[in-house]
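Take a look at the structures listed below.
Shared between the two complexes below is chain A, which pairs with chain B and chain C, respectively.
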Partner chain A sequence: MQNLIHHLRDAPVSAWIGMIIVAFYAIIALFAPLLAPYAENVSIGAQYQPWTAPHFLGTDALGRDVLSRLIYGARNTVGIALLTTALAFTLGATFGLLAATLGGWFDTIASRMVDVLMAIPPLIFALLILTITGTSVAALILVIAVLDSTRVFRLSRAVAQGILTMDYIEVARMRGEGMFWLIRKEVLPNAAAPLIAEFGLRFCFVFLFISALSFLGLGIQPPTADWGGMVRESAKLISFANFSTWQTATFGLAPLLPAGAIALMTIGVNLIVDWVLHMSSGLKE
Partner chain B sequence: MNPILTIVTKRLLIGLLTLWIVTVIIFAAVELLPGDIATEMLGQAANEETVAAFRERFNLNGTVFERYVSWLAGAATGDFGVSLANQRPISEFVGQRTANTFFLAAYAAAISVPIAVVAGMMGALYNGSVFDRMLSSSTLAAISFPEFFIAYILILVFSVSFGWFPSLANVDVDAGLGERLYKTFLPAMTLTLIVLAYMMRMTRAAILNLLALPYIEMAHLKGIKRWRVIAVHALPNALAPIINVIALNLAYLIVGVVLVEVVFVYPGLGQVLVDAVSNRDVTVVQAACLIFAATYILLNLLADILSIIANPRLLHPR
Partner chain C sequence: MSDVLLDMKNVAIEGWSDRRWKPIIKGVDLTLKRGEILGLIGESGAGKSTLGLAAMGYTKGGCRISGGSINFDGQDLTRASNEALRQLRGKRIAYVAQSAAAAFNPAFKLIDQYCEAPVQHGVMSKTDAQKDAVELYRKIRLPNPDTIGFRYPHQVSGGQLQRAMTAMAMACRPDLIIFDEPTTALDVTTQIEVLAAVRDIVREYNTAAIYITHDLAVVAQMADHIKVLLRGEEVEQAPAREMLANPQEDYTKSLWAVREFRRAPPVAREGGEETLLDITNVSASYGAQKVLDDVSLKIRRGSTVAVVGESGSGKSTLARVIMGLLPPTEGEILHDGTPLPKLGTKRSRGLQRHLQMIHQMADTALNPKQRIKDVIGRPLEFFLGLKGAAKEARIRELLTLIELDPDEFMHRLPSELSGGQKQRVCIARALAAEPSFIICDEVTSALDQLVAEGILRLLDRLQRELDLTYLFITHDLATVRSIADDVVVMQNGVIVEQGPKDDIFSPPHAPYTELLLSSVPEMDPDWLTNILKNRREKPLQ
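Let's look at the complex of A and B:
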C-alpha cells in the first residue's frame, strides 16, 4: 500500500490524465441511474430535437434523450467489456501459467491450439461463430473472451517461463513445494506488473472490438443503450449537418459523440498502461 | 541444401498446414448448426422431393468427409456453392466484391507504405526531436480511436463541410479508374490513418535498433556523411524488418477493411460478410471467411518468407 502511494506520487502528468478519465467513466457507469435525467429506453418527446434544455444533447430517431442514453451506454458498454476482459484474462492466464509450469504435452497442445486460433483474424472468427450462435450478449462475451484469451495465454506463458528459470524457483522446488504454491507465491507476484499492463491493453482491445461489432449491428442489440450501436443509429444524420448555424451543425456531431466517448475511454486506459509498463520495465526517468 | 531453401520450405509447410486447419474449422462451424438445414429452410414446403432437391443443391449428401472434400475442391476452383438466402451461386457476386476489397486495401497501402517508411526513417534519424515525439503520440491516437470515429470525422470535414469528396463510395462495376480513386479516397484515407502510425513506429524501431550497432558507429567514426551511413550501411540491413512490417500491416488492412466498407457503403467483401452474418446465410459466411482468412494467412506467410530471404546473414552460411 505504501508502495502504491509512493508510485502514485511519482506518476507523470499523462498517467494522471488517464486516471482522471477512467475515474470519470467509472463514476458515470456506477451512478448512471442517478446522473441520467431520463430513462434509458423511453421516448420522451419529438424525434431529432436540437441541443437545448431540457434535452442538452437532443433526442434520437425514437425521441429518446441522447444524454441519458450516453450515460447508460457507459454502464452497458464498459460493463460488458470489463466482464469479457476479466473472463478472457482468467482463462488465458490460468492456461498460460499452467502451460509454463507443467510443460510437456499440456504445453504443446495448448500452444498449438492457440497458434491456430491466432492464425485467423479475430473479427472474421467472431463473425463466423456469431452466425452460428446468433447475436446475444452471452454469446458475444464468450466468443470474444475465448478469442482474446489466446493473447493473454501467450504473454502469461512467456512471462512465467522467464520466471521459472530463476534460482529461487529451483530452491522452492527442492524444498518440495507443490505446483499451485509455486504459481501463487512465486510466479504470480513477479508476473503482476506485465499482467496488469496486459489487462489494460486487452480491455482496450475488447472494448473497441465490442463497439465495432455493435456498430455492425452484430454486438449488443437494441434497445440497450450502447455506444457502438448509437453510432450506427445516428450515422445517417451526419449528411444533414450544416455549418451555417450552431444548431444544424450538431447533427454532424450525433455519431461523433458516442464514437468520441469510446475513443476517450481507450486513450485514458492506454495512458495508464504506458505508465505501468514504464514502471515495470524499470526505466525511471 | 541451401539453408534459406530449408527454412523457407519449413515455413511454407507450416503456413499450408495452418491454412488447412482453418478450412476445417470454417467447414466444421457450419456442421455444428443445430437441426437439419434442409427441413428448416424449406419449412412448410418440406416434402421428400423438395428436401432431396435441396440436399443436392446445397451439397448436403454423403458423409461429413465427402462433403468437406467437395466443398474444399469447389472453393479451390472458385465455386463456393449456393447462397442459402437468395439461392444464387456465391461465386457470381463474391468475385467482383473481393476484387473491390483488394482494390481498396491496395489503394490504402499505396498511400500509407511510402509515407510510413520515410516518416519512420526520419523519426529514427532525428530521435527525440519534436517530429519524433509527434510520431509517438500519433500512435496513441491510432490504437485508441475506433475505425468509425476516424471515418466519421473525415466525412464531416471533407465531405459534409468542404464537399470535396463523396461520403458514399458506391462504385459501379464499370466505373473508370479515375472515378474509382476519387470515390474511394475517404475510405482509403481512413485505412491509411489506422495503419500509418503502426508502420511508422515499427519502421522507426527497426532502424533505431540498427543504428545502435557497432558497425554503424564505426562508419560514423570513419567520417562518412550521416545520410550515407543510413542509405548505404543501415538501409540494406533494415530491409528485412521493414518488409516484414509492411506485409503484416497489409494483412491487417485486409481485415480492417470490413468496418470501413460498412461506414462508406462500399460494395466489398466485408459488406457481404456482415450482411450474411445478420441474415445467418451460412454458406456465404463460409465463403467470405475463407477468403479473408486465407488472404490473411498467406500475407503473414509472405511476410515471414520475405524477411527470411532479405536477411543477409542467411545468404552466407558458415
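Let's look at the complex of A and C:
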C-alpha cells in the first residue's frame, strides 16, 4: 500500500491526466441515473433537434436525448468491456501460467488450441458464433472473453517462462514447493507489471471490438444505449449536414460525440498503461 | 601536441535515486599521458565504472556530471556538444565492456560490427576496414583470423569474444580505450590469454588505457599507475610497482591483505571420520551430450570439499545431480549410508531439508518481490512449521548470525541490498532449513575481494559453529586455498585429480592442475611476462 502511494507521488503528468479521464468515466458510469437529465429509451421531443436547451446535445432519429444516451452508454459499454476483459484475463493468465509451469503435454495441448483460435480472424469468428448463439449480453461477453484470452495466454506464458528460469524458482523447487505456491508467490508477483499493462491495452481493444460488433448490428442490441451503436445510427448524418451555420452543423457532429467518447477513454487508459509499462521496465530516463 | 591526453579535474557525478540527487563521484582528479595505462581499482559501488565512462563524457541514465572539467586532448567534454562527443566516441575514445557476450549484437557477424565504427566515422572504406579487421584479429592472436570475423557472436568462445571486442575497440586506432572489467567473467585459463593480448596490442599502438577491475593481481600485470577509489573518492594513486610494494593508506593495505585469509586447521573429530555423502560412478547428460562421466567422490562430515575446473567442466552439473534437479544416468549417491532418490521430487521433506544449495548469482536467486523476512521465513515455515512470533524470533536470530541488523534489514526488498548482503541473505535462507550439507556454487565469484573475503569468513565460522559440510564449487584457486580441506579438479566432466588440499597444491601435479595453478594471477608485476615466457619455452602436454 505504501508502495502504491510512493509510486503515485512519482507519477508523471500524463499518468495523472489518464487517471482523471478514467475516474471521470467511472463516475459517469456509476451515477448515470442521477446525472442523466432524461431517461435512456424515451422519446421526449422532435427528432434531430439542434444543440440548445433543454437538449444540450440535441436529439436523435427517434427524438431521444443524446446527452442522456451518452451517459447511459458509458455504463453499458464500459461495464461490459470491463467484465469481458476481466474474464479474458482470468482465463488467459490461469492457463498461460499453468502451461508455462507444468510444461509437457498440458502446454502442448493448450498452446495448439490457442493457435487454432488465433488462426481465425477474431471479428469473423465472433460474428459466426454470435449468429449461432444469438446476441444476448452474456453470449457477447463470453465469446469476446474467450477470443481475447488467447492473447493473454500467449503473453503470460512467455513472461512466466522467463521468470521460471531464474534461480529463485530453482531454490523453491529444491525446497519441494507445490505448483500453486510457485505460481502464486514466485511467478505472479513478478509477472504482474506486464500483465497489468496488457490489461489496459486489452481493455481498449475489447471496447473497440464491442463497438465494431454493435456497428455491424451484432453487439449490444437497441434500444440499449451504447456508443458503438450510436455511431452506427448517426453515421449517415455527416453526409447530409449543412455546415454553413452552427445550428445546422451540430446535426452532422452527432456521430462524432460517441466516437469521441470512445477515443478519449482509449487515450486515458493508454496514458496509465504507458506509465505502468515504464515502471515495470525499470528505465530511469 | 601535449603529452597529457586526458585531464579530469575535480569531477563530480550525481545519480538520481529516492527523488533526489546523490553524489557518486565526489571530486576526483585523473591525468593520463599518451600511451599510459592507469589501473582503477576499488570495491563494487566505489564509482570505478562511472568514472571510466565519464572519461568519454558519458554518464549512465539517471546520472549527471555536476562539476569539474574533463579535458580530452584540449577539448572540454563537459561542455562539448552531443555531435562533438559523437565524433570522439568510437573514433578517438573506445570502450570495452565487461561482458562481451552481452555487448555484441547477436544478429550481426563479428566483422560487420568491427567495420561499423571506421565506416561511420569515415576513417576507411568497408573493404579496407575488413582487411584491417583480419590484420588486428591476427595481432590479437585469435584462431583462424581470416575467417573468424564471419562468425556470429554465439559461435565463438567467451575469451575469443572478449578479444574480438578489444580488436573492435582498436578499429579506429583510438588514443584512449576504457576497459571495464574485461576479464572478470572469464575463468583463469582464458583470462591469461586475454590479458596478454590486450597488453600487447595496447603497447604496440601506444594507446592510453584506463583499466577498471577489482582484481589486484590483474591490475598489477596491466597498469603503469594504480588509482584506488573508495565510495567515490580517491584513496591514493602511485606508480604500479611502488603501490604494490608499499601501499600507504590503511584501506589499500586492507585490499592487499585479503588474499591472505586462511581458515584455522580443522579439529580432529571424535569418533573418527564419517562419510556424509558417497558419490559412486555417477554419469549424467543433457540430451545426447554427456556432461559427467564416471564421477566418484566421498565427502566427510564436517569437511569442505572444493570442486575446481573451468566453465563447462561439469562442476555445476555435479551440484544439480546431488540436489536432484538432474537425475544421473548411471551411478548412485549415498547419504548417511542410504541411497538418495534420483529426483528431488521423490525425496522426503526431511531429506530435502538436509541438503541445501547457495547459488552463484544472489541477484537471480532472490525473488525481487519478496521481503527479506519472507525469503528467510518461508523455509522456516515449510520445513520446521514455525509460525508467528516463533518464526519472527528465528528470522532475527538468523539475520544476526549472518551479521545483518534484523531491525534494519527484515523489511527490505532484495533491490535495497548490496551484492554481499544479498549473498548473506541467501546463506541465511539455506541455514533456515537447518541443513547438514550445503553446496556453495561459486558463491563469491560475483563479488569483489573484500566482500568475498567477508563471505568466506562467515561460511567458515558457520561451519565450525553449526557443524556443516560444504561442497564448494569454484574456479578461483585463491578461494580453494583459503577454505578447502579436500580438492577435486575436474575437466570435461571427468575428475582429473582429487585429494587433500596440501597434496593437490604441491607438486607433482596432473598437467591440467598445473595449467590451472599457474594461470592464477599473482601480485608480482612481472608474473604475466614470466609465465608467458615459460609456456613458450616449455609447452604443456
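Heads up, the rule we're going with is that the second predicted complex is superposed on the first by the 285 of 285 C-alpha atoms of A that agree within 3 Å, B and C clash if a C-alpha of one lies under 4 Å from a C-alpha of the other, contacts with A are read in each partner's own complex, and residues count from 1 in each chain.
Here is the rule we use: a contact is a pair of C-beta atoms (placed from the backbone, for glycine too) under 8 Å apart; a residue touches a chain by one contact, two chains touch by 3 or more.
The shown structure was predicted, so the numbers you read here are calculated from the model rather than taken from an experiment.
After superposition on chain A, the partners chain B and chain C are seen to clash. When the two structures are aligned on the shared chain, A:Met166 is found in touch with chain C, with no touch to chain B. Contact with chain C, but none with chain B, is seen for A:Pro189 once the two complexes are overlaid on the shared chain.
When the two complexes are overlaid on their common chain A, residue A:Gly79 makes contact with neither chain B nor chain C. Applying the stated contact rule after C-alpha superposition, one finds that A:Met174 touches chain C and leaves chain B untouched. Touched residues of chain A, counted separately for chain B and chain C, are more numerous for B. Using the contact criterion defined above for the overlaid structures, shared-chain residue A:Pro37 touches neither chain B nor chain C, since it reaches no partner.
Using the contact criterion defined above for the overlaid structures, shared-chain residue A:Pro12 touches neither chain B nor chain C, since it reaches no partner.
Within the complex formed with chain A, the residues of chain C that make contact are 16, 19, 61-62, 323-325, 344-345, 347, 349, 352, 356-357, 359, 361, 364-370, 378-379, 382-383, 429, 433. Listing the residues of chain A that touch chain C in their complex gives 10, 166-168, 170-171, 173-177, 185-186, 189-190, 283-285.
Chain B meets chain A in the complex at residues 18, 21-22, 25-26, 29-30, 32-33, 140-141, 143-149, 152-153, 155-156, 159-161, 167, 251, 254-255, 258-259, 262-263, 273-274, 276-278, 280, 282, 285-286, 289, 292-293, 296-297, 300. Contact residues of chain A toward chain B in the complex are 115-116, 119-121, 123-125, 127-132, 134-135, 204, 208, 211-212, 215-218, 228, 231, 235, 238-239, 241, 243, 252, 255-256, 259-260, 262-263, 266-267, 270-271, 274.
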